[in-house]
Structure formats: structure tokens, C-alpha cells
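First chain A sits with chain B, and in the next complex the same chain sits with chain C.
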Partner chain A sequence: MELAGLFNYFFFSICLAGIYAVMALGLNVQWGYTGILNIGVAAFFQIGAYTTALLTSPDNPAHIGGFDLPGTFAQLVGGEGAFLGQLVGQASILIGLLGGMAVAALLGFLIGWITIGLRSDYLAIASIGISEIVRLFIQNEGWLTNGTRGIAGIPRPGIGLYNGSDFLEFMVLVVVAIGVVYVLIERAYRAPWGRVLRAVRENENAVLAAGKDVTWFRLQAFVFGCTIMGLAGGLYAHFTTFVSPEAFRPDLTTFLVWVMLIAGGSGNNRGAILGAFAIWAVWSGSEFITSAFPVEYVTQIAPLRVLLIGVILQVVLLTRQQGLLPERPPKPLVTDDEAPNRSG
Partner chain B sequence: MIELIQLVLYGVVLGSIITLGAIGVSLVFGILRFAHFAHGDMMTLGAYFAFVGYVTIGLPFWLAFPVAAAAAAGVAVLIDQTIYKRLRRSDPVILLISAFGMALILRSLVQIIWGPSNLVYASGIQLPIRIGDLRIKEDHFYIVGGALVLVIGLHLFLTRTTMGKAMRAMADNVDLARISGVNTEKVVIWTWVIAGVMAAAAGIFLAMDTRLHPVMGWRILLSVFAAAIVGGIGRPYGAIAGGMVIGISEEVSTLFINPSYKAAVSFAILVAVLIYKPTGIVGARR
Partner chain C sequence: MLEIQEVSKSFGSIAAVDRCSFSIAEGSITGLIGPNGAGKTTLFNIVAGFLKPTEGRIRFDGRVISGLPPHRLFHLGIVRTFQIPHEFGRMTVLENLMTVPSRQIGENLFATWTQWSAVRRRDGEVRRKALEVLDFLRLSHLQDELAGNLSGGQKKLLELGRTMMTEARLVLLDEPGAGVNRTLLGELAEFIKALNRERGYTFCIIEHDMDLIAELCHPVVVMARGRVLAQSHMDDIRRDRAVQEAYLGVDDPAEAETAA
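Up next is the complex of A and B:
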């Protein structure tokens, strides 16, 4: 492989692993912080991807939209030919991503509003239902999603500063997204809000006794996590420029994100990012092994990779449940030794 | 009207399959207190085991069936002893996540061994028997009859044998059962044996009704859980009522909604029961 090809592959990998990292961060807010067991990660990811796709792809009579945001905005300031037009068009990608996040958040709110009060194992069961329904919806509602033919022509952001790689500029966008999400949720983790979430995870009744609205906090955390998953979906749509039901393997996506978070360290955002890159490395590295087999065996050998990830999960659960980077909650401002003697 | 009766009949067939799966989920929850997410894929595995016995080796079906059930029970016990047993001290949700991983492991194994495409036990189309305007396939009698035999067998096991009584005692109160001298580890193994046998039977019947596919069990898992919860999770008898409610509702719903959205019906019933009567329609322990 040439050096340029190698670099391109590297950028490609960072993009894809980074999108998974964003999802893992979203799941961390739900599971790591709050203890909400969401087995429907892929549902919010897909919703984000489809919304962003519809907002930014060119008009297609086969389905609603697309609304071609970049084109429309570029027209407003002198067309796509002009530098300003191109810049504004590119900036409108952000609106597409925000749209994906908003719809994922809305779905999360509706579902959370009904199910968030359930015990964690019941919520997990309900969330497979959500995942299944979203999958069926995307497959069957062709007027909106173009069914199995999918939505094509989603623009990949980039202003062509560097022509050596298709993915370099997009990689920067993904890294920025990870950075923004990381800073935001890390801040939330250390804030009183995050403290309440951790308390909900550890002991719901104690939080209730302290006068907090547990259900409301759980709902907030759930919707927050879903929004981040929607962002990951939007990024994915721009990355692949094409979405269709076959492009997603919902149960596999959900599973990978879970293994990433647990292997990296639930509750630790750096752990979530590390886990995403580590598991993705194993996942994509194992493709080289299976591709060494003759073509006629490929369909049968491919699931070996899933098996490998499944075994990794079991090993982590059996030997290191806290993950690579265990959670480190902030130290209390006043420790027991320093605490003033209240009885005095 | 005739259409409705026809759909109810299909619902009873589907309900029998779901019931057998739900009994296992319910028993495991009652004894081990976790939702077994790999149960659907255990059904799949059982169905493929029967495929090996019946099609690959060429055993008669009445022999291939118990052999496959025994093999599935063996796998269930093996998984429990190698993985779940070591996680029993952890929070039950850790077991749930482990089971979710196990589901993917079993599914990939099925795909590696038997390939990703559809398989059938017997090729060719079975002509339905006509009773008036109703159409029933011969297989449907075997499915409902087989489920009935298994459920009666389970009932006798739970009420007449010492192990069955120990199992019910442990589901009621683990500590009390242990103090009374119940060998809890042995009860756990028997729980997996029964769950495995029931899951294999459910898988085989599902494959008879449709066809074998690596995700057949995962796709029906939601309905199985819904049935277990509607019947009151932890109560194997409730699973029968739950299975019928879910099976019949799913089939009859096709009169009103797009059949692709059958899963949404289970989901709606599941959520409604969880919110309004979390102990299940039969009334269950907490």
C-alpha cells in the first residue's frame, strides 16, 4: 500500500472510530452516569443519520426532501461557486447535525417519558422494542426514508484545503465533535447535576429522600444521551454520504458501543473514548484476518469477528468490570477529616 | 368473522411458541433475578440442533427433537457454569449485559457453522387442511400439541418432584430455601436444563412454522419477554397466559395495521402492562 493510501486509511479509521466514540460518550451519560440500561443505541443513531441525510441531501421526488441545506444557503449569498457561498453552505452542515440531534432528542423524550420510570431491566427490554420499531419504520415508510433504496447524495463537508485525502477534513470535524461533547459532558459530570445522576445510579431511594425528582433527572440524562447518539448518526450520514436500512446493522452497532464503553470504563469519559478506539481497532483489525480466507468462506467467517468482540466482553466482565480506565468521581470538596465538627 | 377466527388460530400457534420461550425467561428470572437476553438465540441454537439431527444425520423427527433439546440444555448449563456463575455475585444488570453479549456469541456461532441463509426442515409446501373456511396446517397441530405436552410435563415436574418443589421454593425466597437445606446450585442447574429444553422446543416449532435463520430467535425475543412480563415475570404459569395474549394480539392486529409492525404490538402491550400492572395480568410476586 502506498503511503498516501495508508494515510487515507488512517484518517478513515479515525473518522469511523471517532463516530463510535461519540456514541460511547452518549451511552456513558445514560449508563455510566445514571445507570440507565439502553439496548436501543442504534435507534437514536439511525434517527440522527436519517434526519441529517434528509436535511442536507439534494431534492429527490422519491421521498420527502431532501432539503439540500448547503445548496440553499449557498444560493442566499451568491451561489456555490463563490467562496463565501461555499463557506456558508458548509456552515449549514451544522444546522443539519443539530436537526439530527433534535429529532433524536425528541424521540428520546417521547420514549423516555413513557418508559424511564421502569426498573432498569424492564427498560432494557423495552429498549429492544424501540430499536426494532425504528428499524421497521425505516424499512417500511418509503415516503420518508425511500425504503430499502436509501438516501443518497449526502454531502461530505470539506472545502478542499487538502486534496491528498478524502477524509482528512472530515476527521477534523469528528475530532472537534468528540472534543465538544467530551468537554460538555465532563463538565456536567463534575457539576451538581452529574452528582445527582451518580446518586440516582447508586441509590435511588436516597436521592428521593433528599427531595430530588429522580424520574425527571433520569429523563434528562436519557434525552441528553440520545441527543449525542443523534449527533453521531448525523456525522455518520455525512461520512458515508449514503444511508439505507442495509447500511445499518442495529444490533451489532448497539453491541459494539456497549462493549466499547464497558471495556473502556463505564462512568469515565476518557475511558469511553479509549474503549471506542481500542475495540474499533480490534474490530477492523480482525477484518484483515477474515479477508485472508478464500472468498467462498467469507460470509461464514465474517461472524467470527462478532464472536471475538463477544468474547472480549465476557472476559472484561469476568476479570475487570471497571474497564481499562475506572471511573474516578471528583473528590468531595470537604473530606471527612476536614469537616467541621457539627455537633460542637 | 371467519378471518378473525383464522387469525386467532394462527395466534394460538404463535402463542404456543412464545409461551415455551417465555417459560424459560420467567423461570430464569424467578431463580436468578436477571433478564436472560440470550434466550432468543438459545431458541435459534435448539432449532439448528434439530436440523443437524433430522436433516444432516437423518434421524426420525421424534428422536431428533429430544436430542436437540438435550443438546440445547447442555449448552445452557455450560454457559451458566463457565460465565454466569462467576457473575452471580455482581449486580443482576451485569448478568443482563453478559447475556446480551452471549446472544451475539451464539448468533455468530450459528452463522459460522450453518451459514447466513434460510434453511428448512422439509422442502416443499405443506397443503393446509380445510375445515369449513378455516385453513390449518398439519404442523400447527404438532406445534400446539407439543407445547401442551411440554407445559403439562413442566407442571408435573414443578408440583410432583422434590426438585420442582425446591425450584418453586427458591423462586419464592432464596434465603429461606437455602436455610431449609435446598441445594441452590443444583436448582440453578435444573433451571437451565428446563429453560434450555423449552427454548429448543420453541425454536424448533418456530422453524417448523417459518424457517431456520440465524436471527429468528432474536427477532422473537421481544415477544417472548413481553409474554413473560404480561404473565408476571418469575411465574412460569403466567407465561402461558402471557404467550397467548401476545400471540393472538400480534396475529389479530394484522387486521388493522401493517403486518410489518407486529413487533410494535408486543411493545405496546409490554409497556402498558409495565406501567399499569407491573406484576402481570395474573398477579405476581414482586
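Up next is the complex of A and C:
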């Protein structure tokens, strides 16, 4: 019993840290590759989560939708009781995630279209403002989002293959998501696309002088990063099965994700993942310590966790400026032995 | 090839370039000299599309190009380098060059996922070209070094190398010799001559090193206070009274001679 609980906690942690890892990968495309200072991570995460939630939660008269995609799709092929129905219902979760990504991408495009020409410090300020607007919009537009009461009843994918843990199957989904995102963005990084983005980060004018449309590349990187953050949001909605504005406070999302990326090594995708798991371990572990204090102190001591993360960030910046896994220029796509002139 | 017609550019009340006109002939190596603040770099920025002129127009092969953005001008064959090297510091020397060529299929995000073999093939070509350029500039031994670690002179060579990665027709070099030691300067001059002769590049060079200008450039355009003061062969320029006054700020040419 004890052991099962421990396993369950382990799976739970991997799920949540993994969701942060997906966000960190999205931020890496923006900041690590391109040098876009986006301090509005929370907005894209939240938009992704809410879109997925609305698409997959059951109908609720208090707000628009939900559209109950799994139930609807299952009905089409013989009901939720049937094996096929269950399978199709599960598969429809993917549509919900894609929806979250699409809306996050759209928001990213609209914001990027307006702000991407700004210099990085101005963009940072603009992104803070926009992310607050998104948060307050979601908090106040109850007809759409159910306001502060949040959206409940979001299904967690899984077909009950293993009864010991609620989170095992979901953990597999999160790990697969990290894997897919990693492969896609790592390849883009190694390709000329990533090379242009890094050049933009290093010296925008020289990229202009090389005939590239810098604004267009920056916009691509921004929207692509936002899309990945939207995916993280969708996964989060399915993971907690409940979303409310409280869960998307900037200190729990934007701040943590930035620390994860910087500590792990911005510009390095493996670093981003490692940073996410390492900082999550500290963040989550510190909760054990604060909860060990007598009840009357717990609320006062909780903010110290944020302080602890801040201290860790300082230590990393002072001792390993480039993070745990520093950026390294990628290996060439074609090596000397197989260059076209030699292989004929 | 390039005609600069009555171009002006003001920043607030300061006229950095003031009704400046001259033209650059195809195949020439035109020198652009003048005292600090004469408006040379501002003019370069206007020609390359980094600044819009307040007045006047610029024609390239007869076509009006003033006001076009830098990336459009690049595709017409107008390429520039920078006075202060603009290297991509945390990228290798080879990557610095490989970033430049246009029409790389791998610059399309979706192609990197769906057309990987085509992306690799094209990247192989680009890499081979970059290696040739490094070979020409005798920088091959530094190909995997981060560009930020190069010396000032090597960064200048890398700037020149970037122009060689393109189908450039008109190359604007902004002080290629500044901060470069004598030996390297000699090499640089040879490279410029070779590119002019073998590849048919037309050059326009801003430079303060008069020996380099005298060796490479004909004609030489002198600018002062935003305007063209003289345009001639370097030997005549050296004797020109107005030029001496502009450079040395004296009225009496005899005095200028002794001061020089």
C-alpha cells in the first residue's frame, strides 16, 4: 500500500514536471533559439488549457459548451460501453489537444503580428501586459469560461490497463508528447531554419544584410513556441481534470518555466527538459519541508519556496552561466565524407 | 550601375547627407573617403536599405530602389558589410557563412520535417561553398571555432566571406581595413582585387587608410558635410585644395602641406 502510493506520487510528479518540460521546450524555441523575450508564457499555457477543457468536458449550462468530444465521438461508433467506442473516444482527446494548440497559435500570431517588431525589452513588457489581459478575461467572462469557478469534468485519458495508479497511463502520454516535441524542434534547430533563428538572436542587422526577412522568422519562432505552450496547457487540463484561473498565476507558470530553461541551459533542448525536471524536484520537494512546519506557520512559510527558486537561479547564473547543459552548435547535416561532390 | 541622385537624410536638425549625388560604374572599385561625420556610413545605410532617405532617389540598373527593405536589395545583388564586424558570435565560422545563401529549402520549418533528404542535400551544397570561401580566405583551420572568439582582423575577413556566399553584384564595404594589421591588410586588398577581377563584383569601399584606397580604388569620391566634394583619381584628390581643407580644416594650402 505504501509502495503503491509512492509509485503513484512518482508518476504524478513525472506528469506534472513533464508538462513543464513541454512548456520549457516551447520557450526555448522563442528565447533559446531566437532571443524573443516572452514573459507571457502563462497566457498561452492557459489558453491551451481552457480550449482543451471546453472541447472535451461535458455540457454545462453555466458556460459555453463543453463539447464533450470523447462522448460525442464514442456515440458515433456504438457508445462508450463498447470497446471501439471507448477507443475512438480516447483518440478524440488528440483533437482536443490540437484545438488547444491551434487557439494558442492563433493568439500567438495576433500578439506577435503586433509586437514582434519591438525590441526585446519592449516585447517583454508588452507580453506581461497581454498575459494579464488574457488571465483577467478568462477570470471575468463567465459565459465562456465559468469565471473563477472554473471548468470541471475534463476527462483524463486512459483505458484502465493498470489499476495500481491513476497516473501511469497519463505519464506515458506526457512522455510521448515530450518525445514528439523534442524530435520536431531538435530537427528544426539543426536545419537551416534554426540556424537563421540563432543568427537573428546573435545579430539581427547582419541577418537583414544577408537578405532574410527577419520579422517573418521571428514571428514563426514566436507562434511555434506558443503552439507548444498550448499543447502543455491541453495536457495540464487533462491531467488535473479541472481548470480555474488560480492555477495559472504567473509565478507558478511563467516564472518557474523561465527558471527551468535558464537553469537547464537555454538554447539546448535536453537542457530545457533537464531543467524542468530538476527545478520541479526542488519546487515539489520544498513543499515537503514547508508542510512539516506547524499549521500556523505554513501559510507564512509557503512564499519562501519562491525565494528558494530565486536563490537557485542566482547560484546557477553565478556559477554555470549557460545552465546545466550549455548550448552547443549542432553537428552538420552532411559531413565531409558524404558531401555531394564526393559521393557523386 | 548605381546612381545616387540628390539624396538627403536628416536626423532632427542635422543634415547627415545633404543633396549628395554620384554614380558607381559597373566593374569599378569606387573609394568613398571623407573626414569623420561626412555622412559616408549614413549613405551606405541608405543605399543598403537600412535607412530611408529624406529626399532624393537611388537607381540600380536604372530601376529606383530607394526605400526598399534590405532583404529585397540583397536579392537584387546589393550586399554590404559593417564597420564594426557583425559576426554571429555563438555560431561557428562555418555556420556564419552557411546562414547567408538564399533559397535554402531547410529555412522552411515544415520542410525540415517532411523533406529531410532535400534539406540535407541543399545543406551539403551550401556547406561545400562555405568551405571554398574559407579556403579562399585562408580561414579553413577556424571553421569550427565560434565566431565570437576570432580576432578583429579575422572577423573582418569573415565579413568579406559573407559577401562571397551570395550572387553579389555590388558590394559595399564599410572600413574593411579598420583594426586590421598590415600583413592582413595586404591580403584583404588581394582578395578584393581577385573578387573584382574573377567574379566581376563591383565594389564601393569606405576607408580611412589612404594607401589602401590608392592601391585599390578608381575613382575616389570625397565627401564632406554630407556632400560630394570631389570625384577623381586618387593622385588628383591628393592635390585637391578643397579636400585638404576639409580634412585638415585650414584655409592656406601651403599650411596644409606642412601640416601633412
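FYI, the second predicted complex is superposed on the first by the 328 of 344 C-alpha atoms of A that agree within 3 Å, B and C clash if a C-alpha of one lies under 4 Å from a C-alpha of the other, contacts with A are read in each partner's own complex, and residues count from 1 in each chain.
FYI, a contact is a pair of C-beta atoms (placed from the backbone, for glycine too) under 8 Å apart; a residue touches a chain by one contact, two chains touch by 3 or more.
Every value quoted in this text rests on a predicted model; they were computed, and no experiment measured them.
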Does the superposition put A:A62 against chain B (first), chain C (second), both, or neither? neither
Should A:V298 be classified as contacting the first partner (chain B), the second (chain C), both, or neither? neither
Touching A:A124 in the superposition: chain B (first), chain C (second), both, neither? first
Count the residues of chain A touched by chain B and by chain C, then name the partner with the higher count. B
Looking at the overlay, does A:K212 come into contact with chain B only (first), chain C only (second), both, or neither? second
One more residue to check, A:A199. First (chain B), second (chain C), both or neither? second
Now for A:L184: first (chain B), second (chain C), both, or neither, which partner does it touch? second
Inside the complex, what are the residues of chain B that reach chain A? 34-35, 37, 83, 86-87, 90, 92-94, 96-98, 100-102, 104-105, 107-109, 111-112, 115-116, 218-219, 221-222, 225-226, 229, 258, 260-261, 263-264, 266-267, 270-271, 274-275, 278
Chain C-facing residues of chain A, complex: 184, 187-188, 191-193, 195-196, 198-199, 202-203, 205-214, 220, 224, 267, 327, 329, 332-334, 338-341
Spell out the part of chain A that touches chain B in their complex, as residue ranges. 35, 37, 39, 114-115, 117-118, 120-122, 124-126, 128-130, 132-133, 136, 139-140, 251-252, 255, 258-259, 262, 299-304, 306-307, 309-311, 313-314, 317-318, 321
Touching residues of chain C toward chain A in the complex: what are they? 48, 50, 69-71, 74-75, 79-82, 86-92, 94-96, 98-100, 102, 104-109, 112-113, 116, 119-128, 144, 146, 162, 166
